[in-house]
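Next, two complexes with chain A in common: one pairs it with chain B, the other with chain C.
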Partner chain A sequence: MGKVKIGLVEFFSLTVLFELGTALVVNLGMGAGRDAWLSILLGCAAGLMMFTGYAYLYRKHPNQPFTAYTRQILGKYIGAPVGLVYIILYINLAARDLRDGSTMLAMATMHNTPLFILSALMLLSGAYVLHKGVEVLSRTSMVFAFVVLGIGLFGTVMLILSGTINLHRLLPVLENGFQPVLRSVIHQNYMFPFGEMVCFTMLMPYLSSVKKGPWIIAAAMVFSALLLSFTMALNVSVLGADIVERSPLPLMPTISKISISDIIQRVDIFVVMVLIIGVFFKMAVFFAAALIGISDLFKIPYRKMLYPCALIILFTSMLDARSFIEHLDEGGTLLYRVYPYLMIVVPALLVIVTAVRDHFSAPRPG
Partner chain B sequence: MKSGSNRKAQNAGADSAPRPGQPQGSVPLGLADTVAQSLLHIQTELGGSPDLQIRRIQIGGERRLEAAAVHLSGLADPAAVNEFVLGSLLNHTEELFLDRTDGGADSRGEEASLPQQILSRAMETGEALLQEEWKEIMLAILSGDTAILLEGCRAAILCGTRGGEQRAVSEPTSQLVVRGPKDGFVESVATNIALIRRRIKSAKLHLEVLKLGSETHTHVAMMYMKGIAGEDLIREARDRLNKIALNEILESGYIEELIQDKSFTPFPTIYNTERPDVAAGNLLEGRVVIIVDGTPFVLILPAVFTQFFQSAEDYSQRFDIAILMRLVRYLSFLVLILGPSVYLALTTYHYEMIPTTLLINLLSQRENVPFPAFVELLLMETAFEILREAGVRMPRAIGQTVSVVGALILGTAVVEAGIITPIMVIVVALTGIASFALPAYNMAIAGRIIRFAFLIMASIFGFYGITLGLILLVAHMSSLRSFGVPYLFPFVPLSIKGHKDTLFRMPLWLNGADKPPAQMREEMPDYMLLTTGHEEQLPPLIRKNCRTEEENREE
Partner chain C sequence: MRNRIFGGIGVLFVLPMLLLTGCWDSVELNRRAIVSGVAIDRGDSEAERYKLSFQVIVAEEISGEKSRGISPVALYTGTGRTMFEALADASRQTARFLSLGHVRVLVISEKFARAGIKDLLDVLERESDTRLNSLIFISKGQPAREIMSTMTVFSKIPANDLVEKLETTSKQFGYNFRMAVDDVIRGIQIRGGGPVINGVFTRGEWTPASGSNDSLKSIEPRSILRVSSLAAFKDDKLKGWLTGDAALGTVLLHNRIKEFPVLLKQQEGGYFSFNIYQSQVSLAVESSDPEHPVFTVKITQQAALKEAPHPLDLTSPKVLEELSDRLIKESVKHIQAAVSTAKELGSDYLGFGRALQRKDPRGWKKVRDHWEDVFADCEIRFDADVVIRHTDMRSNSFQIH
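Showing the complex of A and B:
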């Protein structure tokens, strides 16, 4: 990779925004009912274990993206197709995220704007930022991480002041035992959003410090898990588990409960802003990962593939499903049937191969 | 430079061909052996311009020597020419010649250095030197110096007699303060340098002068504090200045446009000021100051975003007041770029956010207005821009009329005629005033341009457009660099130490013995520095010159 390096603070904020992404506004982990907050934390723990594997691979190959060291570890003939599969995965994830985001936007505020226009605008903005480079993306993310946190703080304080928070709605904890929580973790939470960290294997070569870098990313994961868990707990305590379970974007009705003497009310536009920012950065990170993969695998300059890749993502996102329900259904299937292989099995294989090779080749002094 | 030398070569070529009208046409223009010949050459070069003053004199006592003093009236200081140049030539050369006739017999070598002797023993001016280069002599005459020609000598003595009419140092017109020094830069580079030197009496204050513009030969002075300003910054600034190839440089804006890092951006990446105290302060903080002859606006580089929100007065007021003033400025920038678009988004897309009573009020106002809010806003903003432009360019005497007409027509009549809602007038007026609250005019212009982009985004996409616009804006700004320093420096990349004088102005006792930006820059990790003078980011003209330079070298 080039000389471009990204500072730790920037990487932290990029990771946080990536993790919050769409997860902040949807009903994450509601399979566990009112214990969703717990399943998010457990999911994060599982995600961290997966990330340990990614970090191990990164430490072994600090200057190469994922697609490069697959070739090194598995050989050219197996490694290159594996890399290609990952590029397709990233493009697919970017497209799915784009579809998620623009549909949610259309649901939330832009009822009459065509989905295609919303997606195209978002994607063009992403292409512009990526045209400036990955380090510009990370620097931009820093500013907007502050914006998101500021909005979060504002929302929380306003909810407290409005007196709509009822912590009793969170009780009883683990009403039906541990089963539902575990099921929710296995079905969704370890993968979304924490397993998606696999795309950071493409960005980690930009880290300015090999030693501290993975720790910073792990810290960002924990931080965002705490935020997500806090938000879900907030949702449940304001709306009750029933409404949250049935609402696709529970944060919207939660925030719209804010009402302070008829002046500050219906501030759910802030949630929309958080949604836009989150979707944008998540999509941009996947997009960047795909671009880095393409330029690494096919030796094509990064900027040359920017607009072709944007077009592919745009049309994948528009054509992958006829309706949002189908889109969600597809997503559930992919999450359960396809992603685990790519996010756990292949990296685990790589880790094992690397470790075994290291074990047999290293101790031969002289 | 190139075109100038070409022209000269052509002239010389034309003169070398024998022409009937010109008796001396066979020789190229230059200093000749006889004074008469040289004078003729000077007159020919200048096209017989009537403001060329030639004073022919005879110097020495018994052995007379033909001499002539040449200057341009109006550019040279008459008192200096009379007293120090002609006076010293007429009064002091007699004994010089006595000496020479005494000692002339035993050493013939002395004969050649007669001008040298005049220079060292007779001339009373502070600045004088011997020059043989024809181009330099012409340039000196054209800049107001006096050239002394001597019979039988192929060199001229150049005396520094630059003077003539100049504007006196007066209060700056564009950057005003309530409390603080009231002097401002003027059009003369020498005076401007003096104004800065008067504030920093330090030997570390270095000055480099170069002449730019192949036709205008404008003096451009670069000042910096040795040891405080980063060496690479100085080198980079010098390199970029030297690469400028323009025929004319009439204002510092010409240079600013050529040496900035990136051409296509509304944001200024070089600061300009009319105030010597601001220039001095920035010098002490390790920045480089570029003074261009003929303009009171001095360039300061590198300049980051936050610098355009600082005013000289922040440092003369108490820090708590300064913090408040600064926050107001940042707020007004936000209002400037987002005010109309947020209003538009709220009223057309997200009216549920407006308190009900206000919304009813708004809607009842809108009932009588035929246009959609976007058209209304665009009309009003355009009218306001026209009004402002008219106000700036108007002759002073009728300037009052604009404000009266503007206030009456745009304020009241437009509402009464049912074209615009009253609240729209408030929004536009607030935006307009916010643009005046920024201390840097060029940043205000940038804000005005961006405001229109946001307006369009908000009209089509509401808050979605505004949010995406903000992301694009921040991305664009963080891709900018000013001489290698990231444009959003203390924010992104985040530097806590850099924050002492950005959003807030910390009290001086906290700020006091702090590190200058140069040092902070050195302490910044490598990846934050990146490249100074990134080839791709230089403006096209300089890039082209770089390329031709390299080609020349290869040849």
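Showing the complex of A and C:
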């Protein structure tokens, strides 16, 4: 642990792909209607505040993952179970993302392919990359970050040229006041996808620079928030708020509106690519966080637990819900009632304990 | 050793999976029947609520090599209580899988449109194969399936011909414009308003022979598809047809027109022709009292002189100024015609309500439930500006001495 170091650029692209993940294709923040773009930006601001807490903990323990310093801060008997809870959280998050991804694929293109096969294939590719190591994952992310950004640029330019963008559809801003935006932020946007950055507490020990590292990750968060906000604004300005609200994958119909002289059209397969890439990285990062936690907590070599852990994720994702609707409903509840404890309350406690202890143990002049 | 054997077996299982990704859902191209257009009619009984006619491309006839000289498209009709049932019914009659990914045209019969089209749009946006880009038409005064079974001159596939006709009329001298599935869905959701959809009909009486290649053998085809008129809706029900000035004004307000001709009558007899090639219309709202909003229609247009057989001094800016003033009156007349027709039909398909909503969301909330009444007696002002940029290749016109 801690020997392999990952460069800042790689970390930047990994963070961006993690944040974009599934959030890019789903109807993110549509609780706020046509002001979704605003609620994403606010969510990012809240996410950054949470991230300063994680960064503070990281700076205090630059060579340890989250599960290790919980034990150091809270003691063995409280710290170890807390670490275990986080491992379960990461496995759960990986499984939920896998289910998201495979169901969306089935909805969008592969109607008759069994969900299990889709999930298994996606998970196996993730497991293979993690078998090669986290540094391989981060370098892979650089390649795919270019692919995703390229597709985004292509899609935007083509939509502009197709003349389907109507900015009037974004007006009026804040029609029902600020409340729906705030509600959407509280129910969803600060947690998804920004609060999920908690899993980077497991990966940050790989950062090659303790000083610059957190800044780079924060910059990646802001960058991806801008991209997400832009994408949602694009969706709404092409389709109108109502259609976006009712589509589980609004980017798909948006991109399908591209039609240039009936020659360049039907490019919605690009969205499927973005979806697969996003789900792959998001799931792989959670998966990696869980593996690092297991190897740290139980002192089992990282690769040995790879396939057992993959099976757990696969079956969790399959058994998680009977239908996608149930899955989403469950996700909404978890996002609002469970994750805040793990992503805000526990880290905040750790920060407070560390700060107080530092304050009293620091050598005082005089 | 044992690990290696297990590993080997594992690899053997996984490799074929990697080769077969995405094949689970594959349908070979020669097992697909590509649907180019769909006609939606209303049957007489409840069991025939939806009567869908699919215009299917017969690929062999298009590419030529193996063609048998039969019709390049075939029409299959299915009926059912829902769209999906009707699709299933039609699929049972074809030898291949009906593939809805390339539907370019959806024609809805007038009868259906008058009864309401909301229910049939749901399947079109829900189904992942169909596209939001398919164009919607209303068949004016005749069953939709007649439109889908008329042979056309310029394309072997009649649906494509229809699309091209729309493109041509929308670019030149026509007031029809591209109206896709999502435009219609958004239109239906306008409070107090509705969508505007292109009309289509056959010129010349439609007979079963119109669907035959023989119809095209004479210089004058028996029936010609014509894209004309606009169907004006209130919510999802057709209320009336717009033609002439009312239709032109409607499209001007939607800013969807490229160019159109305008004629000015001379007092000495005869006409001036202008081509308006640039038109921008925007709505401004003054809503200190939302119950009585005042709309200002701002029109900016550029015109080119096309025909001027009179001995007028066209080199004088003053003369052109006078002509511009008359063009302004003409534009205002178009918009007024559109607005008065909309008020008559009791539907705000022109987007005045949305303009108010954008400008004054709070005021809009007060009036949205009875917007029809507010719209019926709201005041509309005009602020128009038309410039005649040039007189084309000659200044004054030639005269007989």
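Throughout what follows, the second predicted complex is superposed on the first by the 362 of 366 C-alpha atoms of A that agree within 3 Å, B and C clash if a C-alpha of one lies under 4 Å from a C-alpha of the other, contacts with A are read in each partner's own complex, and residues count from 1 in each chain.
Assume a residue touches a chain if its C-beta (ideal position, glycine included) is under 8 Å from a C-beta of that chain, and two chains touch if they have at least 3 such contacts.
Everything quoted here is computed from the prediction, not taken from an experiment.
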Examine A:L121 and indicate which partner it touches, taking first as chain B and second as chain C; both and neither are also allowed. both
Quick one: classify A:R337 as touching chain B (first), chain C (second), both or neither. neither
Kindly classify A:L171 by the partners it touches after superposition: chain B alone (first), chain C alone (second), both, or neither? second
Output check: A:G240 vs chain B and chain C. Expected answer is one of first, second, both, neither. What do you get? second
Could you tell me if A:P253 is touching chain B, chain C, both of them or neither one (first, second, both, neither)? second
If we overlay the two complexes on their shared chain A, which of chain B and chain C does A:Q265 touch? Say first, second, both or neither. both
Of chain B and chain C, which one touches more residues of chain A? B
After the superposition on A, what does A:T113 contact: first (chain B), second (chain C), both or neither? both
Common interface residues of chain A - those touching chain B in one complex and chain C in the other: 109-110, 113, 121, 262, 265-266
Chain C-facing residues of chain A, complex: 107-114, 117, 120-121, 124, 168, 171-172, 175-176, 239-240, 242-243, 252-253, 256-257, 259, 262, 265-266
Mind pulling up the chain A residues that touch chain B in the complex? 3-7, 9-10, 105, 109-110, 113, 118, 121-122, 125, 128-129, 132-133, 136-137, 139-140, 142-144, 208, 262-263, 265-267, 269, 272-273, 276-277, 280
Which residues of chain B touch chain A in the complex? 349-350, 352-353, 355-357, 461-465, 467-468, 471-472, 474-476, 478-479, 486, 488, 491-494, 525-528, 530
Chain A partner contacts - residues on chain C that touch it in the complex: 14, 17-18, 21-22, 24-25, 101, 125, 128, 131-133, 163, 180, 182, 185-186, 189, 354, 357-359, 361
